[in-house]
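Next up, some structures in structure tokens.
In what follows, subunit A forms one complex with subunit B and a second complex with subunit C.
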Partner chain A sequence: MRGSRFGWIRIALVILVLLVLPKLISEYRLNLVITMMIYSIFALSYNLLFGQGGLLSFGHAAYFGFGAYATVILVKQLAMPLPLGILLGGLAGAFLGLAFGVFVVRMRGVPFALLTLAFNQLIYVTAEKWRAVTGGEDGIAFIRPNLNLGGWEIDLWGTLNWYYFVLLVTLICVGCLWYLTLTPLGRLNLCMRENEDRARFIGYNTYASRLIIYILSGFFAGVAGGLAAAFQEFVTTTFINLDKATDVLMMTFIGGGGTFFGPVIGSCALILINDLLSTWMERWAIVQGLLFILLVLYAPNGLSGLYRSIRERWAKQKTGATQP
Partner chain B sequence: MKRTIFGGIVGMMGICLLLGTVVWSADTVNFGVCEIRSGAFKDNGDRTIWGIEAAVNEANSKGGLLGKKIELVIEDNQGKGEIGVQKAKKLVMQDNCVVVIQGSSSGVGGAIGQAMPRLKRIYLDTNAEAMDITGKNFNPYVFRTCLNAGMHVKALAHYFGKKTQYRKVFLINQDYSWGYDVAKYYEAAIKQFAPNTQVVGKEFHQVFNKDFAPYVSKITASGADYVISGNWGTDLTQLVVQSRKLGMKIPIGATFLDDDGVMNIAREAAEGCIQANMYILGIDSDKARAFEDTFHKYSGGKWPSFVIMEAYIGTKMFIEAVRKAGSFDTDKIIKAFEGMTWDGPIGPITMRPEDHQAQMPAVIAEYASKTKYYDFPYLKPIMTIPASEISVSLEESGWKPYKE
Partner chain C sequence: MELLSVIPIQFLHGLVYGMLLFLVASGLTLIFGMMGVLNFAHGALYMLGAYFSYSILRWTGQFWLSMIVAPVLVGAMGILIERFLLRKVHRFGHAHELLLTFGLAYIIEELVKWIWGNQPLHVEIPAMLSGSIQFLDITYPTYRLFILLISVAVFTVLFLILYKTRAGIIVTAAVTRSEMVNALGINVPLVFMLLFGVGGALAGLAGVIGGPYLITNPGMAATIIIDLFVVIVVGGMGSLQGALLASFLIGELQSFGILLVPQMAVALEFLLMAVVLIVKPEGLLGDKA
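The block that comes next holds the complex of A and B.
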């Protein structure tokens, strides 16, 4: 009871920090935080498959990119309100998740990874070649529209209002994904990761359950893609390419897929490292690669796992020191 | 676990907070460079930076700009539009740069250009040539100081249409907007200069194509008199080298053969090729020699070829616009830049006020086995074409007025 109360206080404190953050940091850093929030949703959606479901996917950028294209096309061509465009971007990601999930969730291990990669490339090549709709490699540019709430127009042109809009969407998505982990479906996802046969033997339809998880994962990736496109005010094939697919894998791995908030930490860390290193040095990619190798070797559970093991070791030492 | 959450997120925010400090000096003015500094196109980015650095060194050695020393803040856009936009924001919001310069990628340039109305700073496009940047997607914060695709190929069409009897052309280009622009505008331009020219083939291959043999067979079978290609980098070297090895001897009209990196690989295979650009090394005039020697002096012994030259000229033009404005205020610079004429190495370069596309003459060059610039075969200019002959009208370029 006491622990739970402290948990809520901590979460409230984090939200409070996020609310006052625009007063504390420069506009550029606020832009970086917006990027971190968007990629946090993307990484959390990926972690539904990777960390919680035990499925290594190389094709998650397909849902991110599909959602991004859907949002831009709907907002630009059909003058749809931005929140609706982003929601429908999420639904587009979910639809793609259903279309591909029907085939891929039957697989495990290497076949699963390769099939997701193949589907990702299918979407990538389609976006590249279908120039009339996607603009090919040049992509589609658009102007982020203002938010109209029943006659009350909120200007999303400035960084501040846009930050609070993204914060709101991020909190809703993180809340939903957190809630999912508490539901029977979320528990079953963990159970299937540990022992799918056992889950099946006790009566669960693991195929249908995995498919639902896959669709939900596609939905949240689509929402993240829609937000990213609205933030950049353009969408191009780099939203779907292999770089994007490996970025989300790295974010999740760096933060640690074993904890719910690990991917959030990973996305923040990767964006920050990328930004700082590429400013400080020319060969930043080598340093980034070395850091990743060190992390794989010495902290396979990511930053959150590293923190936890240090804390546990420290607690053990402390207990040992006080024992007679 | 929750402590991990809390510690991690608050820690990240703390780092952000620490890094949020903005520092700039009153005695300096920052120019932002958002170029490719990693990956396959790093070489292009480096060359663009060399050109910008030479222009800045030259200005600083003569007392700076409006009494301030120019400092370059260089960021890596990684060849990706979204990173380019992120870095452009950094250059403006954090480093207070008065301009963001980028030229190596039309894709990145297009994305940065779209972001500038929000940032209210100038994006100086020194060498990205896609038509849309100052055409369909025009906005008043973008200025292009190099040729665009339409002008570039019009110079080639002028040469082949007016100076040769070749009337069968094969168009081979990369499968993205640049390649499509080259094909579309060449077809339109050649009809103007030599209406009886026949396009006997048109191919678009993937970027970084390895095997040109099937395309060479098609070109040979088509009976083409010459080839036009907007290829760059390895796609150009491979096209030239492989076609010559396979016995194709007809001229290849190119837009990026003045890259000394390409010529160093192509060497003798480039014999018979024709190149067009806004300036090509070796023009026999005092003004051109002074231009080359000045660059040579301020660049630490390099020559103004290819994108180095374009970035050098573009940066010098921007510096001139700031001097004319007498201020670092964006609106004042825009006003001063619009319609400004700068005395270029082969003639005046005028910034067209409507679309911010510089209007300039062009140079045509052919293969030269020996030049004073490099220890491998390069090019030698054979003619210049007046600006009026290669100009592409606002309508032809797909220009649309900017709406906020």
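The block that comes next holds the complex of A and C.
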């Protein structure tokens, strides 16, 4: 009980800091925080499969990119309000998750990884070649429209308002994803990771459950993609390419898929380090790759798992010392 | 009429790429069938073959030397990767092994960019291979025929070793019944390590001969690894004959796709894969496991 109340205080503190953050840091840094929030949603959606479901996907950029294209096209061509466009971007991701999920959730392990990668490429080459809709490699540019709430016009173009908008969406998404871990479906996801046969023997329809989880994961990836496109006011094939798909894998794995907030830590850390170091260290990517390999070899639960095991060992030593 | 006359040429184009692809895919698919390890870095090893060859050519000017030295170096790297990295994560499962090799592919690609730069490199073809050959009414570049010749020669030898020698029988047996072979007193991890070396060397050789033809650039690993994964899925996971058939199909699909439906060409192989998955999920020549 004490622990969970402490957890709530910590969460409230983080939200409070995020609320006053625009007063504390420069606009440049604020933009960086926006990027972190968007990729946190993306990484959390990925972790629904990777950490919680035990499924290694190399194709999560498909849903991110599909959502991004959907949002941009709907907002630009149909003059839809931005929040609706982003919501529909999420639904587009969910739809794609259904279309591909029907095939991929039958698989696990390496075949799952292969298939997700191939589907990602299918969407990528489609976006590259179907110029009439996607603009090919040139992509589509647009301008974040103002939000009209019953005569009350909100400017989403300025960084400050846009920050609060992204913050709101992020909190909603993170809240939903957190709530999902408490539901029977969220628990079943962990159970299927540990032993899918047993879950089936108990009477669960594991195929349908995994499909629903896959669709949800596609939804939140689509929302993240829509936000990212609206943030850059631009969408192009780099939203779907293999690099994007492996970026989210790196973020999630380095942060740690075993804890809920691990992917958030991973995406924030990588984006921050990338920003700090890329200017004076051109070869940061090699260091990132080495960090990744070291974690794969010695700390399979990523940085948050490493922190947790160190803290547990420390706690054990401490109790061992006081109670001989 | 004009279309008819290009059919043999396009067929040869497809065959050349298909057989080169198979040269890379053979090691990958045997390793996958034997231990369930999918080596994401296999495409990176192929790329290293091309870059090593470029440097050997720069230093010595000997193309034939590079055809021997570069594959040996790449094969040695394959052995080192298996012995000192993959073996450590084996107990975490196949997905974890895939993560490791993905990390390796990532690092190798960044190192290649660092050492050799981002620009595509021009690799000189030896003079005796740079012309073209007249055959009936078809004129075809000698170098592409050379690629075809080497590929076919190598996998003929490969098939003979695999199906006619004791070492080959051990490997093929280990692909289907790894535990049984182990129980018979054969050191399967050692066989696996050596196979990793041979697979790497074949990928390296494909890189050496493919480099001048497919352009040596840092993106070549990512390009071929996707084709390789399609080969494995379409052919049937772990099936060597399946990989041969799938490589051939993908080569021809790409070649005729560009001729007939240029806009759709790159998507064709993924459509093929999707169809195979729906109709025959275990792959064209795969076992129903």
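One rule holds for everything that comes next: the second predicted complex is superposed on the first by the 322 of 324 C-alpha atoms of A that agree within 3 Å, B and C clash if a C-alpha of one lies under 4 Å from a C-alpha of the other, contacts with A are read in each partner's own complex, and residues count from 1 in each chain.
Assume a contact is a pair of C-beta atoms (placed from the backbone, for glycine too) under 8 Å apart; a residue touches a chain by one contact, two chains touch by 3 or more.
All values derive from a computational prediction rather than experimental measurement.
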Partner chain(s) touched by A:Leu122 [first = subunit B, second = subunit C, both, neither]: second
First (subunit B), second (subunit C), both or neither touched by A:Gly139: first
Touched partner set for A:Phe253, first subunit B, second subunit C, both or neither: second
Partner chain in contact with A:Leu21 - subunit B first, subunit C second, else both or neither: first
Touching partner for A:Gly109 - first (subunit B), second (subunit C), both, neither: second
Touching partner for A:Pro300 - first (subunit B), second (subunit C), both, neither: second
First (subunit B), second (subunit C), both or neither touched by A:Phe292: second
First (subunit B), second (subunit C), both or neither touched by A:Leu242: second
Which superposed partner A:Leu56 touches (first subunit B, second subunit C, both, neither): second
Which partner reaches more residues of subunit A (counting touched residues only), subunit B or subunit C: B
Overlap of the subunit B and subunit C footprints on subunit A, listed as residue numbers: 283, 285
Sites on subunit C touched by subunit A in the complex: 32, 36, 38, 85, 88-89, 92-96, 98-100, 102-104, 106-107, 110-111, 114, 222, 226, 229-230, 232-233, 237, 263-264, 266-267, 270-271, 273-274, 277-278, 281
For the subunit B and subunit A complex, residues of the former touching the latter: 1-10, 12-13, 15-17, 19-22, 37-39, 75-76, 78, 80-82, 85-87, 89-90, 92-94, 106-107, 110-111, 114-115, 118, 130, 132, 137, 176-177
Subunit A residues within the subunit C interface of the complex: 54-56, 58, 103, 106, 109-111, 113-115, 117-119, 121-122, 125-126, 128-129, 242, 246, 249, 253, 283, 285-286, 289-290, 292-293, 296-297, 300
Complex interface listing, subunit A residues touching subunit B: 6-7, 10-11, 13-14, 17-18, 21, 24-29, 31-33, 35-36, 136-139, 141, 157, 228, 232-234, 236, 238-239, 243, 255, 259-262, 264-265, 268-269, 272, 275-276, 278-279, 282-285, 303-304, 307-308, 311
